[in-house]
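In structure tokens below, several structures.
Next come two complexes, and both contain chain A; in the first it sits with chain B, in the second with chain C.
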Partner chain A sequence: MRTLEQTTKEVLELASRHFNVQPGSLTPEDDFFKKLGIDSLQALELLTRLENHFGIELPDYEMQGVSDFRTLADRIQTRL
Partner chain B sequence: MKAFTGAMLRWEWRDRVLELTLDHEPANEIGLAALGELEKFITALDALSPDTSACIFASAQRRGFSAGADLRELYRLAAVMPEKEFHTGAREFLERMHRVMNAIDAAPVVTIAAVHGVCFGGGFELALACDIIVADKMARFAFPELRLGLIPGWGGIPRLKRDLGNAFIRDLLLTGRSVSAARAHAVGLVAQLAAEGESLRVARATAEQIRKFDPGARAAAKKFVKPIPCEELRREIEIFCELLRQPAVMAGLKKFVESTDAMPYLP
Partner chain C sequence: MLDLAKYQSIGAALRDALDQFANEVCLIESDRERETERLTYREFRERGHALAKGLQDSDFSGGRTAASGQNPAAIIMTNQPKWLISAYAIFHCGGVLVPLDYKLTPDEHWQLLKHSGVSVLITEYPIWRQLAASNALEGSCVRTVLVTEAPADADLHGAERWEEFRGAGEPAFVARQRHDIACIVYSSGTGGRPKGCMITHENYLEQCVALTSLYPFWPGIRYLSILPTNHAIDFMVGFFGPFICGATVVHLRTLRPEYVREAFPKYKIAYVSLVPLVLKNLRKGLQARFDALPSRKRKLLNALVAINKVLTRGRPRPAISRLLLRQVHDAFGGDLRAIIVGGAFTEPQTLQFFYDLGIPVANGYGLTEAGTAITVNDLKPFRVGKPLPGMEVRIVNPDAEGVGEVAVRSKTVMAGYLNDAELTAEAIVDGWLMTGDLGRFDGDGHLQLFGRKKNMIVTEEGKNIYPEDIEKVFESLPVKEFCVFAANYIWPRRAMAGEQLVLVLHLEPGQSMTEDLRREINSRNQRLLNYKRIHGVVLWNEDFPRTASVKIKRNALAERLAQLERASAVQSL
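Let's look at the complex of A and B:
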């Protein structure tokens, strides 16, 4: 079972890879909409990547209101 | 017409395979112009059917297959048209769209949707009218209509009911959530999973296989396994038109169109 820290780390790595940003430039507290400059459809792409990576389903309504990586990782953690 | 290029889509016939490509920014939203071109397409499909084995539906837009109905156009029309005229127009639009979807559904050729990215609402309904859905691993499917106070109006529920178990349909419809291609494949909605960016190539390989079969046997098999749910489709139009009259719909459309929410597509 992953810890929240491990999940957060993997979320950050995955987001850096998907959106082509320097590894290590994202932090758990970052607002991913602002930091990555993404829109709703790109957020769905990230969601799909996360679901495929963690082998889970994360209903997108659970992402409503979530904008930082740590909270996102916490939501994922409830589905692992 | 073996080839056509319009403002919303294009098609090309080659070696017994017809390929329709949706290509309109940002995500192939379907409104009046797209409907007009789809009507042209079904006329061509009918004429080309005797010499065609398979027909592929794909998208050239990076964001996906289609985000569904053009809600901005719908809202604009509702704002400028007298109420009675708007509702008459909406029903006519639905009737025309149902004719297009039914023609695709019942076409004597094998229809294949090659899906990537978003496949929402009306886009999902177009894919559902096809015989085989090939989806890449980044595709997502959703019926977000309930957030607007509506139900899918282009045949979505009757076609889903034809193909899938009701528990999954209720989850999809009543939560409005989107599901990944992997989940859609697991429940039997997606027939074949493709690697990222490879759905069209897989669809073409599938069309190539279909070319080998006798046209008569192929058409008979399709007719036998894929009856058109006519009665439910008619009922859907009535429910949709009834719901469209509710104030919640215009409020929902207004909220969507004017949204500054980072995630307006999410229910």
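Let's look at the complex of A and C:
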């Protein structure tokens, strides 16, 4: 079982790979819309990638208002 | 379809529709590949009435605000059946509905909840969890909060479960008149000055008659609801319109493109509404698939598209297009009658792409202030079409080329802005709604839009951005004064797309535009969502004109700035 810290780390790694930004340039507190400059459709793409990676389902409506990596990782953790 | 001329209110029309179409399916909810709900109008009525009775038992009809004279209830939800059931219950109680965009931040939600004096809030648990965390409930008029889908062990922070909130027995139907306010719809204005459009029952009833004459619904026909239901278009064509015709609305709990694509053939969708950004993405996806075809097949496709273009030049002929381009149409389920696109300006190239494939895109022109739509297109991508029945549209102060401000008069124009007589007086002059958009009529009566006269931009996602609302991120910037403008407002340009914001800076005496200052501006700009970011900086070396209460006189400043040449004045960041 992953710890929240590990989950957060994997979320950050996957996001930087998917959006092609320098590994290590993202922090848990970052707002992914602002930091990555992505729109809502691109955020959904990220969710799909994360679901495949962690083998879970993340309902869109549960992600409403979630915009920072830490909360995102937290929501993932509760479903692992 | 019900004869809406006989009705005084949305509530009365919906009540009769639920009886008339009792055995038809009104709602289907799907979550990924699973169908999670299928309701007939009879079942919808049962749920709606139980909720309405619960609201009445908790004295919902008793609460009144000075603003509208009625009791507002807000819905903040993603697209789902409970949105529509809640709205029905509110109207049945004679209430005023405040539909809010679920994508706003908690602070923005609270600001609008307070502005509209909402007493009942209906929302989803994940949204409520964030709203409750900001501790703003006490300073508001909200007395009852209902949350959907709360986990069994969740801390509800004083809210009640929507699923359990029901009264026993039949609720009383509370009648409203045509001139009464049905909804307060915020066209923008989180931050600076909220613009709550007071839309009357008559506005909706009249708009619905006009729209369903062009895009008819009937029992069995299906609409896919993607555009948020708080948006005027989805409210009309994803709720009120189909319901009074006995049609079916399909909700998807996920908007991942792969599931949206699957929904078209799976549910035989006839209509869908999208914002231009999604339409553009759809086009990109289709184009990529066409490009990936082997050369021989691509040539065949191009030839069929060319034939389709010739055969559908004057008007859409879906049967012919489906025959010629069967595979493309099958991907949309084969029953698609129209993609309704709204909320923002759509690029003509994107429209042309779909027209060429024989897929009608209903592209029109509308403002929340004027109901849903003012004009609807005629398959000419550079024009937004002719006015809908019942709409009077004229061009005010046209220039030599006939271009002037578009003004609208009709029974669909709002009653005014909530609690803002000054703004209302600016917007509605002698019964005409001044849209702030520049346009002209072609010889054959089609409206063509050229740009905006007002200080705002509209993004491809359909978001209205008022520069005043984003200034706070630049507060205490180390300069003498600053102001944000839509570049087109200063330098009117004949374009509805690619709009940009600029930051006008008046530096302190002896101060210059240093790298540090530029970095500071950039860093603050990054705090804004990407669609709200400023595009460039304009340096100005005079004091800003101000009112007696030291507010910037934006119009006067814009007039002075207009003397600069745009290309050289705007420095990129």
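Definition applied: the second predicted complex is superposed on the first by the 80 of 80 C-alpha atoms of A that agree within 3 Å, B and C clash if a C-alpha of one lies under 4 Å from a C-alpha of the other, contacts with A are read in each partner's own complex, and residues count from 1 in each chain.
Here is the rule we use: a contact is a pair of C-beta atoms (placed from the backbone, for glycine too) under 8 Å apart; a residue touches a chain by one contact, two chains touch by 3 or more.
None of these values were measured; they are calculated from a predicted model.
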item	value
First (chain B), second (chain C), both or neither touched by A:Arg17	neither
First, second, both or neither for A:Gln64, with chain B first and chain C second	both
Touched partner set for A:Asn52, first chain B, second chain C, both or neither	first
Touching partner for A:Gly37 - first (chain B), second (chain C), both, neither	second
Chain B/chain C common contact set on chain A	33, 39-41, 44, 47-48, 57, 59-61, 63-64
Contact footprint of chain A on chain B as seen in their complex	27, 63-64, 67, 117-118, 137-140, 142, 175-183, 261-267
Interfacial residue positions of chain A with respect to chain C in the complex	33-35, 37-41, 44, 47-48, 57, 59-65
In the complex with chain A, residue positions of chain C that touch it	31-32, 78, 80, 102-103, 105-106, 124, 126-127, 130, 149, 253-258, 277-278, 281, 461, 526-531
Residue ranges of chain A touching chain B (in the complex, touch as defined)	33, 39-41, 43-45, 47-49, 51-52, 57, 59-61, 63-64, 67
